[in-house]
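Shown below is the structure under consideration.
Per-chain residue numbering starts at 1, and chain names A, B, C, D, E and F are given in the order in which the chains are listed.
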Amino acid sequence: MKKVVTMGEIMLRLSAPGYQKIQQSGSFGAVYGGGEANVAISLSQLGLNTSFVSKLPDNALGESAKQYLNQFGVNTDHIIYGGDRLGIYFLEKGFSVRSSKVIYDRKHSSFSQSKLAEYDFDDIFNGADWFHISGITPALNEELFIITKKALEVAKEKGITTSCDLNFRSSLWSFEDARKKMTELAEFVDVCLGVEPLELLGEDGQDLKDAYQKPLSVENYQEIMKMLHERYHFQYVAMTFRENLSVNRNRLNAMVSDGNGFYVSPKVEVEFVDRVGGGDSFSAGMVYSLIQNYQPQDAINFATACFALKHTIEGDANILHHSDIEQFVKQKESLTISR
Amino acid sequence: MKKVVTMGEIMLRLSAPGYQKIQQSGSFGAVYGGGEANVAISLSQLGLNTSFVSKLPDNALGESAKQYLNQFGVNTDHIIYGGDRLGIYFLEKGFSVRSSKVIYDRKHSSFSQSKLAEYDFDDIFNGADWFHISGITPALNEELFIITKKALEVAKEKGITTSCDLNFRSSLWSFEDARKKMTELAEFVDVCLGVEPLELLGEDGQDLKDAYQKPLSVENYQEIMKMLHERYHFQYVAMTFRENLSVNRNRLNAMVSDGNGFYVSPKVEVEFVDRVGGGDSFSAGMVYSLIQNYQPQDAINFATACFALKHTIEGDANILHHSDIEQFVKQKESLTISR
Amino acid sequence: MKKVVTMGEIMLRLSAPGYQKIQQSGSFGAVYGGGEANVAISLSQLGLNTSFVSKLPDNALGESAKQYLNQFGVNTDHIIYGGDRLGIYFLEKGFSVRSSKVIYDRKHSSFSQSKLAEYDFDDIFNGADWFHISGITPALNEELFIITKKALEVAKEKGITTSCDLNFRSSLWSFEDARKKMTELAEFVDVCLGVEPLELLGEDGQDLKDAYQKPLSVENYQEIMKMLHERYHFQYVAMTFRENLSVNRNRLNAMVSDGNGFYVSPKVEVEFVDRVGGGDSFSAGMVYSLIQNYQPQDAINFATACFALKHTIEGDANILHHSDIEQFVKQKESLTISR
Amino acid sequence: MKKVVTMGEIMLRLSAPGYQKIQQSGSFGAVYGGGEANVAISLSQLGLNTSFVSKLPDNALGESAKQYLNQFGVNTDHIIYGGDRLGIYFLEKGFSVRSSKVIYDRKHSSFSQSKLAEYDFDDIFNGADWFHISGITPALNEELFIITKKALEVAKEKGITTSCDLNFRSSLWSFEDARKKMTELAEFVDVCLGVEPLELLGEDGQDLKDAYQKPLSVENYQEIMKMLHERYHFQYVAMTFRENLSVNRNRLNAMVSDGNGFYVSPKVEVEFVDRVGGGDSFSAGMVYSLIQNYQPQDAINFATACFALKHTIEGDANILHHSDIEQFVKQKESLTISR
Amino acid sequence: MKKVVTMGEIMLRLSAPGYQKIQQSGSFGAVYGGGEANVAISLSQLGLNTSFVSKLPDNALGESAKQYLNQFGVNTDHIIYGGDRLGIYFLEKGFSVRSSKVIYDRKHSSFSQSKLAEYDFDDIFNGADWFHISGITPALNEELFIITKKALEVAKEKGITTSCDLNFRSSLWSFEDARKKMTELAEFVDVCLGVEPLELLGEDGQDLKDAYQKPLSVENYQEIMKMLHERYHFQYVAMTFRENLSVNRNRLNAMVSDGNGFYVSPKVEVEFVDRVGGGDSFSAGMVYSLIQNYQPQDAINFATACFALKHTIEGDANILHHSDIEQFVKQKESLTISR
Amino acid sequence: MKKVVTMGEIMLRLSAPGYQKIQQSGSFGAVYGGGEANVAISLSQLGLNTSFVSKLPDNALGESAKQYLNQFGVNTDHIIYGGDRLGIYFLEKGFSVRSSKVIYDRKHSSFSQSKLAEYDFDDIFNGADWFHISGITPALNEELFIITKKALEVAKEKGITTSCDLNFRSSLWSFEDARKKMTELAEFVDVCLGVEPLELLGEDGQDLKDAYQKPLSVENYQEIMKMLHERYHFQYVAMTFRENLSVNRNRLNAMVSDGNGFYVSPKVEVEFVDRVGGGDSFSAGMVYSLIQNYQPQDAINFATACFALKHTIEGDANILHHSDIEQFVKQKESLTISR
């Protein structure tokens, strides 16, 4: 069984019941989630060996986050305990014409107080086949950028495949900072995932500007993917696309390129139980199918199925099994129609 | 007030809250249901006198099932108490692109431990006008096949109209067994109901095979209905049709034949609160309208309204009143457009 | 900050959980609402100074209703305490093909026992810029008709702008009575709001009859609006339109006339979290935008956004902020397309 | 199986969750209850044949009340439908040093609008062995006093045993009225039950006054019971006693006299799940044990066990079985020690 | 109506359901509370005019805290909006032999980021009769100590009575710091409240040490109270006492001195619904009864009733009315027995 | 870190909400538990390495049980998947004078269908220090008796300490069978735990009879413990004692003998949140303290603290940490007073 390591922040998610506004809520549903943790949970549920690396407060909330991961089979032996608090985010689910809202309360979290010396990456990567990060961790602060870079370096030295979900969060850093730092990390990345990998493009911002002026479509993004391959020598670049039919109804698909060709999955219309973590589920689907040596078309179909199905699962992480995903891929024969 | 007797198994249904997976559930909603029990509840709510015949364990769960029936006005005087346990089924409601899942835990139930000698059908059918069964009970085991057959025989002797919802359950018996046994029971049945009454066709399987190769449609099924009338001399054969728009959205209609003509109800698009028991609600609608001497077109329209509306009711059984159904039939004038 | 006074009845609303029938409910969700109270809450949340005038029982339920209003910033200093009981209404939310149901239990409420002498309108209107009522209060009984009329008279004397949501409730009075009484009140009204302001038309019922024979559409209603302006010299007449796609899905828009031209908002398709109070939210949107001197097209767009968004908010009242509404108006650029 | 008829009002009970105040409650638990309905439910659960006579509104709330009774096996064939509304009461459970609170909202209920002509007592009492009422019904209004009296008369004519739970409700009538009317009814009553049967005493109020000046104790009440036997020729008089240790903890016992001797049950300390309906459960225990010809000491022990155990059952009615009560009586051997 | 101003931090309180551990909780109950906010809510519910001064984040959580206060009638016009976040605390209710646990997550809260210049105390105290603070605010940081001192100074200048609930929180500052700072504030305080006002004693720590070596009792604390009066010239010093019978059962009473005599309330045994805020309710009781000019014995009895009753109220604040408290004081006649 | 292996059945526990009867429950709380699983969870939470050995169905319920164990850190690598179903038990919590009730529905469970060949005990015990079983597993059927015996034999061969919680379940086997089989297993057991280890005594039943005729007390059980040491050469024998103050209030303590002396823990009065699993928590406390080489008096105090505290934890297993237990032991100084 292949082993995947992911590193990042896991937060307490507090969600208003049903479709209530926060102001109306006399209680909050509580689960634990975060981009890289969600990927670890999904991969564990798909059948891989996983380890999640992070820093948690040494209190009942830190323990709860750890137990949440353990429940889904994620190894937490490399989690460090200490620091001030568990990051929190409040979620208000939108519906129909009313948008979802998130209030982040993640400042001063234990993970954001991480120090490079606290992580022993030699030990962490022992026996690992894959290492996955996202653009959120390096955005937290300079120390975490350094930690992320160090982790990628060690992983590459050890011959571990690396993937990164670019995940530009404007609340955490400026686009300019993101572009600069992510460009630096990109050289250690084998598989580039994400919605809009634009921050990796353009020293002077010109091609970036051009890219943005085109509508988000499979056609336009092929050119961008090509550029990404050229500049960063990624093995794979994969992106997801969303068409917003309403706040809780989207038409989805995705595209992967291996540098030689483009493979597009058919469109799937989904209505949401819980939109959070769709992209993480897609990343997990890509990591899973690539680590299992799926052909690109099969990989993008599998990952799109993960992506779509996540929207029907309550909580941040897709906890479906490999057989659930396969059943969906097979049933929807259209999904297997390649471009 | 006409009196209808139904016989079968009632189970405890435990459903994951909202759209959670069973693995996420810290509690389960509890109602009681089963095909023939659902028909009895629906008919009672529509205004008929009903009696449900079954065997329940002599404990708080058996009592709860009985009280559930009583609450909706179903007479339970002919229920027998004894045996090991109440059958259970766990329900996980699907949504959008994720399918619903059921885990049956009905083995060794009190009802499945029924003995022929325990049922006094002379007494049970006293004053009854109609007797309804389904293909589930004879599938449980040989003794229950015999009990079902005996019940039908006594009913016919007493001049009671009989209906049967073929309800092939591949988890309970093979198609071959189903065909053999159901064929034997068919001769005692006046009104044949169900989704795919194919197990009643074909000694050598040839016409069956042909039937299956045609898409499920009103047109193709007219031929099959005709065959059923010829072979089994049913008074009525009625079927439902579903077009799956998504896991929780279907387009529905139904067709009945009286041996002379075919009557098709217009299509209704429904979004689901709870899909379970749709067919039982249709059966109840047919029994109700036939016992009340509705014309075939009115009957199929009424039963289709029952069928459609059930999908908006939480729990296994349609508890709507006659006036609720009528209001729907009238409002949707298109429903009255006959073929 | 402009100040708006509204007067009417606030009730305890008891709603069956989820999409359960009342017969299935082991508990009821509890909020407090009523047409004019909903308008006051919405206006307060939009940023205006509001006061709600009513009569409540002097018990924990009356206090709860008051606290509910206070929570959303509505001033309750002019509420009178006394009388027998708080009115109640039970709500069963429909879904898909099953209609919603309301059981009113508002007879003998404290508010319906109001006496003219109990209200000191000079004091109530102190500092007020706008006074809003609906057609529900005068329908309760003769005394409340007199109170409403008196309130309007005093408001007009004081130079306060007045608005009225015609709101014909057939359970409270006959159409004939409504027409007669509302016609009498109309002369004190500046802004006429509502779904079907037909009761204001026709002494002999002839033009009324003609109006009703035309389908409910923007085109047909322009003529009616024109008549209303002519007869009652309203400053503005505004109406909402609904196209029922299913029980929980509508296509909505609205139209306002200022006596010179007609301004129509683009259509918005909404799926419902809670349909109750849609019209009240529209009224609040009109009052807000007119008190803030919006241009008619901007006003109708803003009010339509309030109207549409309310359907996604649990409870009777739209509690969204001005910024939430503005964001919707801007995002949906189509909304700004005027007639 | 013996058959008991009870007549009275059944209300919707809305209770604040846990130990919340009504002002804090975003939902209310919903059950249905009322003195005589509770007695019917208890007797049905103990194993007798029961019928409850009342008048309910012809809406979903009336139907829910009926279904609640049916669930516990109570026959509702003699319930009349019509009138304005279902009576409601709101319950706020006290705890420790904070008292429980009830808000009655029962005015103008369908039952209170009953007319004598609506009840066919010949039919109602067909096959009955016992008729039970309480002092609440005659307190509602003059018509209901007449109906109660008529019911008792017919019962006596038919040789049916009658019992009455005096249940003085100061919110419904004055003590003086109560005394006058209940005295009139007492002549038709065989078994007199209740906490403080004082309203039956004293034409000039003197002995009444004396009685009240003594503390509520077994000793003082023996004298009063003796007076009651003398004046009204009751077969049995039974009373309960409570010692308040805290709001949710009492020490209980009871006494019955058969005109010859006094039989006292041992004391039982109970902590409360739900105090409402304790007295009704005691009444049911007395009716059950007397109809089954228990000896007085066994009867009072059985009824005290019903009384005590009710406090541990959520909802208005004691739904325990005969075996549950018997187990308690036997386990607590002290309970069988007679004075 | 007298007006009381309180100033401090209000937090989101997230409590594990029932008696669950945080690790077991799939949801958290949400209310808003904090020492001085609880006092304001209680005083408002008792019937006074109140204003709460604080700083809240400008997001849905800040708005929710504000609305929570408004619901109970507390004026929030002097609340400032800005800063990073709303402080949070997690509560796990203990039971029997298991202690309650609180996890504070209040660092970096908006209130703790307050600046002196943000508060206009002249405006804040306009029309105020009383100003109440606690020892928590000055413990947060030096700026808040300065703000507190400034507030007290302005209050005294304006002739406003001041009260302070010493409330030593070892998690916020050292005992030594507390003693030094609180001593400095004490000169502006008229009424000194709290469990253990020891930090106000002893420059060299000697008398403090002596005090601590005596058991917590009425007798020993009389000496300490005397010292407090001498040193700080308080008008009143009041303290509460708790005897722990179990984690959720205490025996309580309290003592006040006016510098001339000591007044002790009788003991009350309480079982808990929610222990949090007992001391705040006591403070509110003292402020209320002193502002209303109760005699010392009446004041301490009233405040003890508030204190005891709070333990039966869910949430941080005692929301009972004056009549509820009075009823308790009168019923428990023993409460009026003075020492 | 020491490693403990436990083997047995884990079931789905479905509990009626609050103190409802099963007949009143519209939902059931769901956790997973069983004697040996509870011990494993407790030991894991106390800080040991644990592995639970069992057989689970290969469906979502089996997976949920596994995830439940994983959440608390229990290794499940040696769980076998297959068989018909997950055992279930329904729990109705008693209160005050009403007893708790359990309905077992564990027949035909996957674990009860275990075959000896399915368990590889060499592998299972790899690295283990302790093996714990109970008297429930051998009671299920002959095969499981053989499996238990084999497991104990292999454990002893490998030098692993063994403990057994005698746990006589009259619903599973007769006392005579229990005595015969448990006697056979006892020779492989080092530490004997349980409430009433009487089934291990008496070939002819005579001394057994004598033992039973003495009241359950520390004094009488010392003699019995002595006998047990003599016959079976146990290293330790430990027992718990309960005094029933009410259904939800007990006075508890325990005694251990090491063959030389008796060590008794002081009594603790506890009120219950959840009584189930008290004995399992005691067993875990004994295993923990003995594996950590506590002195007998410290061991019995620690185990009694585990025992007592469990009653305040919702669910089957005590999930408290070592520090929570230690805090209790220290706080309650009386606990350290040895006899």
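One rule holds for everything that comes next: a contact is a pair of C-beta atoms (placed from the backbone, for glycine too) under 8 Å apart; a residue touches a chain by one contact, two chains touch by 3 or more.
This structure is a prediction, so every number in the text was calculated from the model and none was measured.
Shared contact partners of chain C and chain E are A, D.
Looking at the partners of chain B and chain E together, the chains they share are A, C, D, F. The centroid of the Cα atoms in chain A and the matching centroid in chain C are 46 Å apart. Chain C and chain F have Cα centroids lying 64 Å from one another.
Contacts with at least two other chains are made by residues 21, 23, 26, 67 of chain F.
Chain contact topology: the protein chains form a pattern that is neither a line, a ring, a star nor a complete graph. Pairwise, the chains that make contact are A-B, A-C, A-E, A-F, B-C, B-D, B-F, C-D, C-E, D-E, D-F, E-F. Listed in rising order, the residues of chain F touching chain E in the complex are 268-273, 308-309, 311-315, 319-320, 324, 327-328, 332. Those residues of chain F that touch chain A in the complex are listed here as 67-68, 70-73. The part of chain D that touches chain C in the complex is made up of residues 14, 21-23, 25-31, 59-61, 63-64, 67, 84-86, 88, 90, 92, 101, 103, 105, 107-108. Interface of chain E with chain F (complex): residues 18-21, 23-24, 94-99, 246, 248.
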